[in-house]
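Below, chain A partners chain B and then partners chain C, in two separate complexes.
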Partner chain A sequence: MKQKLAKLMAQFQIEIGMSYRFPVIEGLAALIFLTPIEAAVLTWNAVSINPDRLEYFVFAEFGFSGMHLGNLMFGLTQLLPILVPVLVSFTAAKSFEDGYIQTLLTYPVERVTVLLVKTICVIIIPAGLLTFTYLFAIPFIIPQAPLISHVSIMLLGVWISVLLFAILSMLVAVITKKVSATAIFGLAFGIVTPILLNNPAVPNIARVVLNPFDAAYRYITNHSSYMMFGTEMTPLIDLQIGFGISLMISLVLLTFTLWLFTRSEIGG
Partner chain B sequence: MTSRFVVEVDKISKNFGPVQALDELELKIEPGLFGIIGPNGAGKTTLLRILLGLIQPSSGSARVLDMDISQSKKIRERIGVLLENPTLPKAMGAREYLSQVIKIYGSTNDPDELLELVGLQDATNRQIGHLSAGMRQRLGIALAFAGNPDLIILDEPTSNLDVPGREQMLDLLSHLYHKSKVSIIIASHILSELEQICTHVAFMNRGKNVVQGTTNDIIEKYALNRFRIRCSDAHTLAQLLDGKFGIEDIRLLGPNMFSFRYENSIDSIVLPVRQEAESCNIQIHRIEIIASLEDAFREVIQ
Partner chain C sequence: MKRAGRILIILGIAVILLSGYASSVYSRGNTLVIEENDSEVYLFEVGQDVHVNVTLDSHSIGTFSVYFMNWQDANRTMVENKTANPITPIFSFENISSLQENLHIPAPGIYALLFTTESTEFQIIWVELSASGIQSRVTSGGVLLAGVGAVMLVLSVIWERRTKSPLREKVK
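Then we have the complex of A and B:
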């Protein structure tokens, strides 16, 4: 057991050493940190010019302190569907393309473990950074305590979204074994999802399934798209069902990706 | 029942779409230093990838260290591998990476000892991306020895190396073989190198095992008592000489070159052969003895 754990840890260390050296993590952290910082600066600027606007930001329009938490992350809800596939392309797809996966598979490792290690890294690193950024930002920007339920909904949205985007991109990487194809998929996904999210014809649950992070943001900010795009506000029950479906889709896709990888030819 | 062969390949075929990389290949490899020789595209790398479980054969079966290739992970626990132009994590240090690979094998080897064994004791903390091609190959050899293997598979271990680098690599392999007595399989298209260090060889061409045996037997069978003539018109001269002066088994090796078998001293027929050539205005550039693995390979493949 101890030896198995040491073996697994060695695989994680190689994955980190191979794929997450400078500037990957640093760049990712900068992107994730800068977006809410930018939102914070804009908010404080507005407030410092006219102190009365504090009330506007806190209560007047949206009524929830959670709105600010959501607003901090708004840029990231749009960025995440692109960011995660690009990260997968730089980590998993790159090792397919440059042949490192071949080297790795000459060692006594299971293919399932190899792909799981890659998937776990590509989920934990961006989702962990997002979680940290989100929690770190709370005391700096919120004039009053956020609702615990809003924090948990937002974080759940973050993790389920990263899981879904990472596994989808991993599937593309395993099928194409190309960096460019995986990155292009990310860009396409990032462009198509906002269009679908803002389309009134798309049901609420489908919108939650497509981007749980964005749905969580919209829910806690009480930011009804109805106002902007004519779509209805997502009720809590739809949010919960959407999260569940998104999670299930992720797990089914993960199983399929692992199955595909164990049968794929490496370096043929 | 344990097999006396480290690798047994039984009628393996592999197709990549319309391309047949392996064609019912049969091969039995005994313990020792074994060379798999063949031109580019002969199917050497495809065979090694099948043995490692990276790709599946279209048909046929194979055993490595008496285990079926379907038990890929168990096989990989007992072998060390150096692929052709291996990709390694450039940002990791040589020792750092080797240490992790040792852990994956569950071995207790000391990474510093392994690095010293391959002459990389001064580059332990250097990033792999900053190592020269020769040093990277040496690190690859150290990685192949990381798990105390019973068999080592090397695919074109001297590719990308300059002449001194190649010689150093061959010396290292020979030294490691004699020190560890671990069986080593080397796939290469550079015959002169394999002739230097391999006890047994197999010639592969177009996905088939053409000839197999000890290096000396193959040279003796296909290159001893054989001579080669380089001239301006090999086809005409070969026809003229066929059956004359005790010359037999003529093989055309190209428009300007042919080989033949002659049991006695070549000196006795140099003059009559030159006279025959002059009578047809054919210029003989050289008459030479064939006695290398490369010549034997050329004889077999032609």
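Then we have the complex of A and C:
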């Protein structure tokens, strides 16, 4: 057991050392951490007087807890479906294309472990950075204490979204074994998702399943930007069901991807 | 650990710079009308200490009172209790004809100025708020990040030296 754990840790070290060389993590940290922190700091730098808007938020049921937690991630909810597949393409798909995966497979580790380590890294790094951003922003940037329920919903949305996007793009990487194909999938997914989200014909649960992070953001900020397209607010029950379905889809796809990888031909 | 330390130092420095960048002077003003037995609430969001300048319109006479409170107390006063009597104000300035004061903000957030008057005639007042100074809470967050990063970096360097030293001795 101890030996297995040591092997797994060594695999993680190899993956971080080879696929996440400077400046991959540094660039991600700058994007995921500094962008929202900058936005939040600049929000609070001014005496901003807007009684109508503030009265709405102050006296609204949700208060400003959701507004500020949500605004911290404004923009990133739409960026994440592109960012994660691009990360997968530059880490996992690249190793297929340049043949590095063959070197990895010569080590005394199972095939499943190799892909699982790659998948875990691609999930933990962006989701961990987003979580770190929240944990830093709550005491230092966001004014007054936000509601625990809002924080939990946002963090759940972050992790389930990253899990879904990472596994979906990992599946594309395993099937195509091409950097470009995986990156194009990410871009297409990032473009198509908002179009589907804007469509009133798409049910609420499907909207949550497609982008749980965005749905969490819409829910805690107590508004729907898609209202102009005739879409409705997402109730909590739909959010919970959507999260559950998204998580299940991710796990099923992960199992399928691992199964496919163990049977696919590597190199040539 | 070395890499994480370096990243934390860079992020910490960036946060400190951001808090300085956000420290420019900002100023906003607005006109309010207050009447007897009625109160007017003026909400604002602010990240640092604020200078308040309230003056009566040249056509208005009499005095007014200003109460500075957080949004929760303003909410309790105006919405829940539906009263003109302020609940636990942070600062009170009663029966005044003008106000120039620096208000210390306990934490960044939404605050309210509650205006009341005992004059029988309505009064027109000009409220001007300006804020400047470094957002100290953000700066302290940046210092903490950079500090943790520096500790991690130092620890990793010590660890590296300890693990490498026997090899060096062997080489010698």
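Keep this in mind: the second predicted complex is superposed on the first by the 239 of 268 C-alpha atoms of A that agree within 3 Å, B and C clash if a C-alpha of one lies under 4 Å from a C-alpha of the other, contacts with A are read in each partner's own complex, and residues count from 1 in each chain.
Assume a residue touches a chain if its C-beta (ideal position, glycine included) is under 8 Å from a C-beta of that chain, and two chains touch if they have at least 3 such contacts.
Note that the structure is a prediction, hence the values are computed from the model and not measured.
In the superposition on chain A, A:136 makes contact with chain C only, not with chain B. When the shared chain is aligned, chain C comes close enough to touch A:29, but chain B does not.
In the superposed model, A:108 lies in contact with chain B only, and not with chain C. Of the two partner chains, chain B is the only one that A:13 touches; chain C does not reach it.
Contact with chain B, but none with chain C, is seen for A:21 once the two complexes are overlaid on the shared chain. Once chain A of one complex is fitted onto chain A of the other, the partner contacts of A:37 are limited to chain C, with no touch recorded for chain B. Comparing the two interfaces of chain A, the one with chain B and the one with chain C have no residue in common. Those residues of chain B lying in contact with chain A across their complex are 16, 46, 49, 52-56, 73-74, 76-77, 81, 83, 85-89, 91-92, 96-97, 100-101, 103-106, 147. Listing the residues of chain A that touch chain B in their complex gives 3, 6-7, 9-11, 13-14, 17-18, 21-22, 95, 98-100, 102-103, 105-110, 265-268. Contacts from chain C toward chain A in the complex involve residues 3, 7, 10-11, 14-15, 18-19, 21-24, 26-28, 30, 42-48, 50, 71, 74-75, 79, 107-110, 129-131, 135, 137-138, 140-141, 144-145.
Put simply, chain A touches chain C in their complex at residues 25-26, 29-30, 33-34, 37-38, 41-49, 51, 54-55, 57-59, 64, 136, 139-141, 143-144.
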